[in-house]
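By letter and in written order, the chains are A, B, C and D; residue numbering begins at 1 in each of them.
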């Protein structure tokens, strides 16, 4: 499979895509030097700042969620590579200018965690009031693995902590809200076809023509559930049952369900999958209270999707419904 | 002649280490693609470049400052786990060398021990977990042992280089528990860890830089 | 290339995806019998209704844009097939219940036009106050072809006429605003890789491994510009120049630029292409006043994109900026 | 025996027409994929089904109502251009037959002329544009001519069927100017138009339905 991508010099992918983002959404975001995306109009003084960091090639994640009611800043790494600690430090310093507290949201991938921790320690040494929440919603499918990956579960954390910060919650409160959301979120990823790495032109992983794999990571890291292709209903059932069991959801509880497209899987399919999930929940008498279906974090043109569930309560529902105005997540 | 290394020696060590990485970068990426995401060679090329530049012209004469800048520069590579940890290693050495224009073998040992301690604060990985720690821990241990028994700096790096190499080789039969590879479990057995292989190359370069200096 | 889609029985694609849409956005849309998507809460009485129609398989188009400030109803056809006139008639009758005027927005494809016209004539015989706007923004690349296809240019028409209707404009006014927008819009589509038809599993068209084709239709209908793959900058320049020439845009004029992904082309690429377009406009001293980058109408997992330009004025900018709350287009 | 068709004859005509379509549907899709989107056979299968059902049990005895229902039912197929136009054709025939339980050859001619007029209101395509009009216009013309010269209904449909066939065949050397195919220009030359081929099959079925009836 030859790479058929509309790009220029692969070395300039990240600055070019960020420049495109800033030109397309001038009233929502702006670029700081060195690939940091910030809100066009900073939040009012005294409110907690949300900062995140992560590699590129997953658009609209993560920088597409910088904006009112969500993130204040996103530190952007190279394609599939964590940004280094010095730039994370720079973003934290800028975000913390007015002495507001900073909540650093880090997706659980080694590189991101290391850069985030190093930057956070340096920030603390400079007297910056900072706390961190690590999102680790991603089940690999292997119950023996305790350390989970950060998949699309960052989205409810950004949204809910972002809304709380916008409404004036303290750093401790924002951190608790984010932690609580994180602990109540589970995601499973499935892939059916690989993508090409836009820098190298190489396939990211291999998968047989009649196979799919459940439990993959955001970059095609292997899962444990390689199996023959299944229908939408069958796939949704397998995945939802694993998610519900792992989170320990019982009848009567309230859930947010999110279906995230990996890149090439169509919205038609995502909607059909979401329908399967909603019907299974109905049969189990679990309440579907909120939902989201679309592409929030992709892996180039990989085919597959992530199914995410999150246990909700009146507070998190209220924050989920609060207004937001980022490039790729708007709530009216 | 006192047995110590100054900026000139450090520059040669870094240059030779960079050379080793440049020679082997495709192999490093290959190792990373077995269980990781195949970018380790590319990341290490950038690490090598920055390491070399950190001891070049217009960099601090004070080894402490030089090492701190080198470490933060390496951390600045958008490369994921390895650049963050190796940057932490060099930055961690800095405090032990602040104010010094040269370090004798004992000081070198203290600096490398401090570097390792800084790394250990960032990762729970231990030797045996199939990571760069399998090369780094024995290499630093070898320097400390050499310093304690009154060896020269060059001799210390000679033993460190072979300890790192042995450590890296030993990862071949291990099962990964950290980094991207951790989700693969048993599938990771059979080929050495990419980060450990890099550390072995770095120490081999450090030694070559000193050996060349002594002979030249 | 084997079909790797998460579907169930291909015969039930449309009802299942619509059910998914309705379950995912219960406070925005609801389903009427026979695959008609309507606003969950109908517009206030006395305001003009916007109705559209078209085939499926292009999600989020067209039904993803039913909601406050946009469409009132969407009549959904089979995969890539126009809905029949009787269902269009049913939607028009329902929309026109309270005697409000109906603006029917039809994309220029034979089947859609025929169903729309037949339904409109029948509606008029029943005394319904109805007008039609035909969107035909799509250049085929051949200047000899005068009859253009309806591509993503429906979006500004929905948005701007929808906002006008919401603000109480009369049917004549809405129709004029829509017509004016339509006449000032041009789109070019380019494809680099085909998709599989979800009902048949067959490739929709063929294209060489190093080729791309400019001027294609929404379903892979051939264009006239088959050429070797180009970089993002080169592709954007060729397309933008054709668009500007055709619309007769001169320095100092104000444009909306939209880049629409066909399905598998990544948002990373769309943003890089948008950047190219923005820079070319800057060099030509043409003002980029509004923009949109994302997937608005897809053709399954086809790789490629549509570039759209629209000449704007203060009135159309004001209406473009007005609030909207459809499943896949929200303006705060 | 008066020479007229009633509901029973219409049912046989529709049934035979449906049979022709079912036999040739893959070929029709094939023709459509040359320049169109390859779905014409599938659409015509649905059209055939609805046409057959429209003259089945529990449908109006009044041929005007029957034809109007048949037309709207065919229009209700989600099929694009062909089902909309063919539905319009049958619905357009309705007014000429309202109140009648049977039609003689002159009435049949009037009804088919009205159907064609309704279609012509929906499309600017003329014979020569490589569409179904290339078969439909001569077929209806043949019925009118037959009625004017006092031929029987069966004879009228015999000439109509061969006129439709000849018209469909003639599209082979034309260049498309309407429908999806219009954007392809010269590329469309060389194979007949799918919609015209369908119309030829329908008229062949109409004739077969009557011929079978007369002989049977």
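Methods note: a contact is a pair of C-beta atoms (placed from the backbone, for glycine too) under 8 Å apart; a residue touches a chain by one contact, two chains touch by 3 or more.
What you are looking at is a predicted structure, and each value in this text was computed from that prediction instead of being measured.
Provide the C-alpha centroid distance between chain A and chain C, rounded to the nearest whole angstrom.
28
Can you check how far apart chain B and chain C are, centre to centre, with Cα atoms defining each centre and the answer in Å?
56
Taking the mean of the CA coordinates per chain, how far is chain C from chain D in Å?
About 33 Å, centre to centre.
If each protein chain is taken as a node and each touching pair as an edge, is the resulting graph a line, ring, star, complete or other?
Line.
So, with touch as defined above, which chain pairs make the list?
A-B, A-C, C-D
Which residues of chain B touch chain A in the complex?
Residues of chain B touching chain A: 37-39, 43, 72, 75-81, 83-85, 87-88, 122-123, 178-180, 182-185, 187.
Quick check on the complex: what are the chain A residues that touch chain B?
Going by the criterion above, the answer is residues 55, 77-78, 80-87, 109-112, 114-115, 117-118, 140, 142, 144-145, 147, 149, 200, 202, 204, 217, 219-224.
Once bound in the complex, which stretches of chain A touch chain C?
Touching chain C from chain A are residues 2, 4-8, 13, 16-21, 23-25, 56-57, 59-60, 64, 68, 192-193, 198, 209-210, 212, 229, 231-233, 235, 263-276, 278, 288, 291-295, 298, 300-301, 303, 305, 323-325, 328, 330-332.
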